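Letters are used for the chains, namely A, B, C and D, taken in the order the chains are written, and counting of residues starts over at 1 for each.
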Amino acid sequence: MEITGIFPALTTPYREDGAVAIERFKENVTRYNKTNLSGYVVLGSTGESVLLSSAEGEDLLAVAKQSAAPGKLLIAGTGAESTAETIARCKRAADFGYDLALVKTPYYYKPAYKAEVYIRHYRSVADASPIPVLLYSVPIFTGVSLDAPEILALAQHPNIVGIKDSSGVIQRVVEVVAKAPQTFHVLTGGAGVIYPALVAGAKGAILALASALPERCVTIYESWKAGCHAEALAQQQQVAQASRTIASENGIAGLKYAMDLRGYFGGVPRLPLLPLSDEKKQQIHKLVTELEPLAATA
Amino acid sequence: MEITGIFPALTTPYREDGAVAIERFKENVTRYNKTNLSGYVVLGSTGESVLLSSAEGEDLLAVAKQSAAPGKLLIAGTGAESTAETIARCKRAADFGYDLALVKTPYYYKPAYKAEVYIRHYRSVADASPIPVLLYSVPIFTGVSLDAPEILALAQHPNIVGIKDSSGVIQRVVEVVAKAPQTFHVLTGGAGVIYPALVAGAKGAILALASALPERCVTIYESWKAGCHAEALAQQQQVAQASRTIASENGIAGLKYAMDLRGYFGGVPRLPLLPLSDEKKQQIHKLVTELEPLAATA
Amino acid sequence: MEITGIFPALTTPYREDGAVAIERFKENVTRYNKTNLSGYVVLGSTGESVLLSSAEGEDLLAVAKQSAAPGKLLIAGTGAESTAETIARCKRAADFGYDLALVKTPYYYKPAYKAEVYIRHYRSVADASPIPVLLYSVPIFTGVSLDAPEILALAQHPNIVGIKDSSGVIQRVVEVVAKAPQTFHVLTGGAGVIYPALVAGAKGAILALASALPERCVTIYESWKAGCHAEALAQQQQVAQASRTIASENGIAGLKYAMDLRGYFGGVPRLPLLPLSDEKKQQIHKLVTELEPLAATA
Amino acid sequence: MEITGIFPALTTPYREDGAVAIERFKENVTRYNKTNLSGYVVLGSTGESVLLSSAEGEDLLAVAKQSAAPGKLLIAGTGAESTAETIARCKRAADFGYDLALVKTPYYYKPAYKAEVYIRHYRSVADASPIPVLLYSVPIFTGVSLDAPEILALAQHPNIVGIKDSSGVIQRVVEVVAKAPQTFHVLTGGAGVIYPALVAGAKGAILALASALPERCVTIYESWKAGCHAEALAQQQQVAQASRTIASENGIAGLKYAMDLRGYFGGVPRLPLLPLSDEKKQQIHKLVTELEPLAATA
């Protein structure tokens, strides 16, 4: 399996009454189908998976599967705190026809979670999962990260085919790519370092920002693929700025507002996440207008 | 309502096949009934609540309610990442006859969780909860903490009656007690600082360690209550050492092993948490034997 | 040697041209002599020791020694990054007639500074120092802290007579006092936890805040000493609030401004530390006026 | 001024009696002269500057200046905690004929050091320094870091010509290069990310590892310069592994031992830094032997 290019971590839209707006979600996917995105991640951190019920999650999995254009790789977020529940979710994702399970590190009992714990957890999950597993390290949310030694130990497992590393630490990309099997895919989660990650050996990226600016993210990948380093860097510089203003400073609320500006359905996040202030909206509006002159007036 | 004295954060026992051993749980509660513990916390961090299914949680709530002796205060852990789910769990706890809801801070989207977010979240929860709310700040697991200004803002809410603060920061106890209404109860989560917290104005403690050494913890409270400061400190010194060896260094696995040594049913935690090594078991055995000469040979 | 009660960490006053205002320093000490402070710390963190030249430091040591009333214990900050330079400074402090050397942890090469490094460092310093050594752990500035095991190992050394622990972690006071020799003195560096530290077994405190509010800090000690727990707590509550507003939120600049309000010479800190904004000054003025009605109008 | 390519942060050798071995230092520089290193950094973190006396520092500055081959850029570490002392050291470096002053962030009073403090500090230093200034952000040692907004504000100053950023955060390289004047030079301090930093727009690197493996580091730069991306990545992978084993895991002691293996004079660091254990020596010997088959048997 090739896991290359740019994947958006899809957001979850809500109706005014707070329920999941499943039609809006479908419309977003349909529109993404027209881009060169390589596939979709459903129920990731950006999808507010920790704020959804099990039934809501299954609806989203089902609809994304139905709506995705042929050839789009489908990745389901399946990580739970317990090993058994994680395995159950991987099986469910397989039942829904997903290609890959994205398994974030357990993190609540972090004082107890030594590298050994993660190695056993991921091996158990990979042994039992009907579909291949991507490790998922996202320290900004979990407070824990997978380091090169344990990633490399796990990269030997035949059903562990890669990692989404959202730490932004490019040295880790270098170290993992140097020693992992060729079939192990490193994907960065940092929209500000897509191009540096690719030159360091990453195969692609899974990005929140790609839900609002998919073409901008894909272009970096394509420039790099074509060997156009100067173009890739110039594009990366713009995307890094956008990533800081939209996602780093404003989180999911900022991302959803940028989606609204670009003609997708973003809306507001679920509580306790708060909607954006007007001041923050103006900053994002200004940035998106400069970056995508036509879109922001849509 | 008086929320004073020592409350154990109850552990969740498992059968060999991994299911919840609900009979063992009942036996533990029945035995705790004979101590001077003031009540019980069900579905806390120590109870591995993040590793349990919703149905398992309800079973535990029901059985603890049935088994608790009259006069024991019943506290249910009800914190979830989403505000709506937290409220739903508070209502469920009320339906099960619980006296109080212990609501840990949401923590996943920590870059977005400013003090304002917590204030709105807790006010919404307290407005909707049929039973009074205890705030719960446990930075060692969540990576976030509530500080005095937001605690004091929330202490004004009529349905927020206290906080379990597991940070171990005694200055916060001093600051909160100084300015909160008399009816706001500060409970420490640190077995190593029960006595300092009490002198600083705390009303009691919710402790993992009290599942293994309830009498030891209660004695500190009673000595302090009786004005016997020298005794309280001497007892605190022993409990602080026990807390380090059993809980700080070995987590839930260590606590459960100490419970086994003391005649309760501890068992092993659920994966990904690993059982204790033999070396660690020996360290805990040595400590418990010195501390409780009769019990450890039971 | 008895090291008990309250010690201010003296500030360093500057003239308008930026030089050390040695006369002002002398006047401050002379005025402190009239209080029940147990002695003085010269060249501590609060004294901006890292911003002073070696010659400036020697002047301050000399003048404090000359000005201190009989019976006031004199403590010199002597910690440097290198072991040899630390020893040289201890010898210099002894030459100036100081009673104790306060030796902060080296901290620059923190990834290399394991407990073993600190144990060897402090033993070398204590072996060579002509005067007894106080360990000094101040994680807020250094990013490193001494934990109970290494403190207890060092407490066995005949020339290491105590620790100033500015972490505010009261559990560590409990643990160290429980196992250290009776002659080992734990002093807290946290003005917000003087009373909890004393009940946990500390012998006193070394405090920045005591440079501005010496009587307030001493009173807590005396109330505790007299067994008046309720008074000690009430006094502690006020001092904790003052400590937050003056020192925690505004650092040395805040402390110096509070000194000015109370009739000492505070002035401004040395660059890169910036003077206080007017808004911050007003907050401190309000607090000091409420706390010390007469003094703040002096 | 062009500040490009690879610069080693020179180590400080000691005699058996602990004094600086100035002749050994000279021999090292003389040997580095034969490589394609672009210049030398004297009195950096790797040079144990915080463990040296002022006189020792001046000797090293003088000898490096005398020994450096023509065309080698000379950079002096001049950062001190106080603004005035930093300026004095910049002037001293200029007197010794140095081309650039490398000014690390003040860091002791980190709670008080907001971005505004750093901006004022660096502007004052740059205004007064007779030679151009390089900012220096090294969070692993200082616990603080300069972020893009303040770097970009300072990049406007005519006498601030670049930054050594040792954070390893490549997104910051992207962001700074995107908006800073063309004449502002970003240099990475991370041997594991030389190549990713270069593609992100960095002009070169200042590296501890280049004291032991100068050719290996220079080759990456030259491959990238020649547009040979595949070679650059392959070389970077080896250097990243060497950087982890030698420097990240073993610090200055590890680096110095690797220097010994490669025919330079490394020796041991100054106390409190400890010499390497035999086990660690063997790990480094194995790595260097594999990487530099001839050298390690020298």
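In this section, contacts are C-beta pairs under 8 Å (C-beta built on N, C-alpha and C of every residue); 3 or more make two chains touch, one makes a residue touch a chain.
Note that the structure is predicted; figures quoted are calculated from it, not measured.
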**Touch-network distance, chain B to chain C, counted in steps** = 1
**Asked** Roughly how many whole angstrom separate the Cα centroids of chain C and chain D?
**Response** 35
**Message:** Nearest whole angstrom, what separates the Cα centre of chain B from the Cα centre of chain D?
**Reply:** 49
**Request:** Give the residues of chain D that touch two or more other chains, as numbers and ranges in rising order.
**Result:** none
**Request:** Check the chains against each other and report every pair that touches.
**Result:** A-B, A-D, B-C, C-D
**Prompt:** Mind pulling up the chain D residues that touch chain C in the complex?
**Reply:** 18, 45, 50-53, 81-85, 106, 108-113, 116-118, 120-121, 124, 140-143, 248, 251-253, 270-274
**Request:** Write out the stretch or stretches of chain D touching chain A in their complex.
**Result:** 148, 168-171, 173-175, 177-178, 190, 192-193, 195-197, 199-201, 229, 233, 236-238, 240-241, 244
